[in-house]
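After this come two complexes, each holding chain A, first together with chain B and then together with chain C.
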Partner chain A sequence: MSDQTHMPAGHDLAPGDEEQHSVGARILGYVVGLVLALLLTATSFFIAGTDLVWQPSIPVALIVLAIAQMGVHLVFFLHITTGPDNTNNVLALAFGLLVVFLVVGGSVWIMAHLNANMPPMDQIMMRQ
Partner chain B sequence: MTMTATAGHAHADPHHIGVVIEHPGPAPKRIVTAYGFWIFLLSDIVMFSCFFAAYAVLVGQTADGPKGSEIFEQGNVAIETVCLLLSSFTCGMASIAADVRNRFWFYLGMAVTCVLGLIFLVLEFREFADLIVRGYGPSRSAFLTAFFSLVGCHGLHVSAGVLWLLTMTAQVFAKGFRADILRRMMCFALFWHALDIIWVAVFSVVYLLGSGT
Partner chain C sequence: MLGKLDWSAIPFDQPIPLIAGAVVLIAILAVLIWVVAKGHLPYLWHEWITSVDHKRIGVMYILLASVMLLRGGSDAIMMRIQQAVAYQSQGYLPPEHYNQIFSAHGTIMIFFVAMPFVIGLMNLVVPLQLGVRDVAFPTLNSVGFWLTATGALLVNLSLVIGEFARTGWLAFPPLSELSYSPGVGVDYYAWSLQISGVGTLVAGINLVTTVLKLRTKGMNYLRMPMFCWTTLASNLLIVAAFPILTATLAMLLLDRYLGFHFFTNEAGGNVMMFMNLIWAWGHPEVYILVLPAFGIFSEVVSTFSGKALFGYRSMVLATMAICVVSFMVWLHHFFTMGAGPDVNAIFGIASMIIAIPTGVKIYNWLFTMYGGRIRFETPMLWSVGFMVTFIVGGLTGVLLAVPPADFMLHNSMFLVAHFHNVIIGGVLFGAFAGFEYWFPKAFGFRLDERWGKAGFWFTFFGFFITFVPLYIAGMLGMTRRMQHYDVAAWRPWMIVAAVGMAVLTIGVICQIVQLVVSIRNREALRDRTGDPWDGRSLEWATSSPPPVFNFAFNPDVRGEDAYWDIKASAKQQSVDADRPEYQDIEMPRNSPTGFVCAFFATLMGFALIWHIWWMVILGGLGAWATFVVFAWRDHDEYVIPAEEVAAIDRVNVEERRGLVSMAGTV
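Let's look at the complex of A and B:
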């Protein structure tokens, strides 16, 4: 309780802003992000065209690599952190992601069931 | 926590949750502006997710036209990806230069970002033009409609980003690193990085997943 009452009353950080760092440290952050993103991109392109791995695992691997790379971009380029000064930014992002998953997941789910439950088109035509 | 203990902090602890919060007053304009723009970017991403959902639903509806694996060229997409990725990096360098008010590195970073963005746009335009010439335009099949609207929407965003980039460079040239110019520059950097994130989803879902099956 006592440590909570002495919380620093500082301001939040704007999305994209970093905590106070020297220029060198900031550039290093972007370099690390660029290297990680290039590695993940190269892995994605390699995995997509290779025969080395079990073929059904490729789509899953591509999606995992894409999510990882988006995470790298968010952390190293947009400077979204888990710190208390970033709570608003993270919460807005979480809500955005919720809507994205509802839209994409819901559409794919519903349309797949629609296709599975519909008789083929020629049968519908024959009934008329 | 007794009443007497909280009574002294009646204003700082209006809901009597036992935690005293010192309100620092309204946030600086830089935070308000960037946060509002962050909300816009997230709603833009939600809009893109609708295009992705439409693409995922329609990807098999080729109407005897070409499938994705027959029209996608991975080499082209790889160059586009590297261009956007490097431009995100140089845009970050330009933001750092703007924060430390270094005109030379700011102009250099923005110029490289602009060139990389234009290379991306030219490659994408050539891909689209090539497809349309071969008769695989957006009206050929539902799959191609979804493909052109999703990738074209991202391309339009990049075009708008390049125009914004030129505007920001001109504003810094004419007005210097004023506080309002720096706020706009921060919003532009957020926009450019967000476009790169959307491109990651585009090349993974459309080009790589589409060429595999």
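Let's look at the complex of A and C:
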């Protein structure tokens, strides 16, 4: 949380705001992003149906590709960078990721342990 | 044509809601007729309803919260009387009515009292404390308020048209599913929360952006008043947590409307997932409410002790720690669900850890008071009362965070007493402290001291007389939400609690009288300087009430306690000296967008509840069209010329001259 108030006004960019690039540079950025996104999507579909790779690795590969897809969107379409003008956006992203990790991870963990206090099913059967 | 709606929806056979509804309706009509007859309608429309001024919106939020507090309080009185008389009898409230009352009480108190009260105070004060002219998105702010009002309206509509949920304030399935709650009660609950939830989310985004982006020159993060920090933390939590509530309720609604099976008993649904998700929102929610209250106490304690806040940085750290850890404790609401010792132990420990930053805060306030010149005016009384009350509530909370103890106390009256102890002792006392403290800023005159203090003492003692018996009844095994009971040992405590409720009610009446008396004596209570408490932060650096543009010049901040420094240096140099050249100020135009949008949202919400599909489409189109019209506007700002700014500002500078010589001596 560095002191940002002494920077010139408007220097800190919101997601979606553009720095002053020429139209050509901007279009190039979007085209590269689009190509990468399409490539990752196509790979996902290909991996899901192929028998060229070790089968149990497929879900892991899909997760990796999905995370890469999110990264491409963040960098090329939402313009998250590591520059000093992006501190707030990066912090917001980090906080968001932390919350998603806690809530999703926590929920999965909790729900997986739901039956911890239940007697095993065969014991219930034996009693009857 | 009208979906499920017909005459049977009006409860003609139940006198209590019908009479209550009729009285409220007559009161509303009387006020409307008075407003129209006196010709106040244009003023109300131009200056308040369509206002995008953060101060006005803040005041309207607090007004909404106060009115809803009376509604929720009436429910509380009815419940306490019921439990006092329903020993081996049915009492005077039939079960289906009693169940609606405790559900409505919880829903209203959290969503339509506590939330609007703290959001209103944040709206009113934060831009002033940051030394800026408005929030980041003024019109969005108005939309947020009116959507919250829509939610409140729908909940109260359920009193006379149809019914409210009988499921408790969180509508747990499978009870809230269609098979067990076929009526419209749960739909009223869910749709009003969905609509007001959008309003809350909008307010959260607005305030986060305001704190991060709009600060006056020199106001860096570590010079912000504590209330701005807690506002930032609280609104970060709103932005992170409220989507969980929206998604969870959306799934419940899909179950109810389209035959999905997220939370049903059959077809693969899992009711426990609802508990899990609703508390993943619900626990951050309690910190959303209490963090701003902590900020208010920080401001009040430091002002009325005449000292800078002790341990400012540790306070910031504690606030942000609570902000993060509040997302790691939600399972303690359902230890008994059966997730086993590993999971329960981790969440139990996390729940105890979150008490540490809270404890740090308590010590900081105590050390701020230590050695200070304490003035026990009404806001300070609420703050000291809070510290005493909240410590008790916090300790019982740590007790409940021990999973084996929780297995004994889960869903008992002990739990009920605990969360009232922290919500009344923390949030409500904080809201009242903030109300007393910033009222002169909002309206330009102080509140009457005597009635205010009487209100505090009655509320303080009333609280303990009401809720200590509930702790004891919980220890004696009484569970919550009982419409009647047969255990003789509980009876005396229920009667004591009812007496406590009467004392609490006197406290509320004192506060209402205080408001009336103060408005009548407003000339005697007038605050002309804009700094009635010898304040320390920037909201006191402008007149009371502040002009629409807040500050004629953007204040230049050189340290913590910005306004205190300005006063101190002005005293040294015996000047308030040369104001630089006045300049034109651009302010956002007022806009009816919020009101119109909420009007259509009300139509849509009501239609969704009663399955009137053509009206759903009408309301949806209307709200969307309102947004489009707003997006196409050409002129969104108007200019206040420099001469006008100068004229307004000079009056206040004159008044302040006398004050400068007094600075620091009070």
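We adopt the following convention: the second predicted complex is superposed on the first by the 104 of 128 C-alpha atoms of A that agree within 3 Å, B and C clash if a C-alpha of one lies under 4 Å from a C-alpha of the other, contacts with A are read in each partner's own complex, and residues count from 1 in each chain.
In this text, a residue touches a chain if its C-beta (ideal position, glycine included) is under 8 Å from a C-beta of that chain, and two chains touch if they have at least 3 such contacts.
Quick caveat: nothing in here was measured; it's all calculated off a predicted structure.
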{"item": "Dominant toucher of chain A (residue count), chain B or chain C", "value": "B"}
{"item": "Partner chain(s) touched by A:T41 [first = chain B, second = chain C, both, neither]", "value": "first"}
{"item": "Touched partner set for A:V32, first chain B, second chain C, both or neither", "value": "neither"}
{"item": "Contacts of A:G49 with chain B and chain C, given as first, second, both or neither", "value": "first"}
{"item": "Which of chain B and chain C A:P59 touches, first, second, both or neither", "value": "first"}
{"item": "Touching partner for A:V23 - first (chain B), second (chain C), both, neither", "value": "first"}
{"item": "Which of chain B and chain C A:M111 touches, first, second, both or neither", "value": "both"}
{"item": "Chain B versus chain C as contact partner of A:L74, first or second or both or neither", "value": "first"}
{"item": "Chain B versus chain C as contact partner of A:N89, first or second or both or neither", "value": "first"}
{"item": "Contact residues common to both interfaces of chain A (with chain B and with chain C)", "value": "1, 4-5, 12, 88, 95-96, 99, 103, 106-107, 111"}
{"item": "For the chain B and chain A complex, residues of the former touching the latter", "value": "1, 18-24, 27-28, 30-31, 33-35, 37-39, 42-43, 45-46, 49-50, 52-54, 56-57, 74, 78, 81-82, 85-86, 88-89, 92-93, 95-96, 100, 186, 189-190, 193-194, 196-197, 200-201, 203-205, 208-209, 211-212"}
{"item": "Residue numbers on chain C that touch chain A, as the complex places them", "value": "212-213, 215, 217-222, 236, 240, 244, 270, 272-273, 276-277, 280, 324, 327-328, 330-331, 337-343"}
{"item": "Touching residues (chain side chain A, partner chain B) in the complex", "value": "1, 4-5, 7, 9-17, 23, 26-27, 30-31, 33-34, 37-38, 41, 44-45, 48-49, 58-59, 62-63, 65-66, 69-70, 73-74, 77-78, 88-89, 92-93, 95-96, 99-100, 103-104, 106-108, 111"}
{"item": "Complex contact set, residues of chain A against chain C", "value": "1, 3-6, 12, 88, 95-96, 98-99, 102-103, 106-107, 109-111, 113-118"}
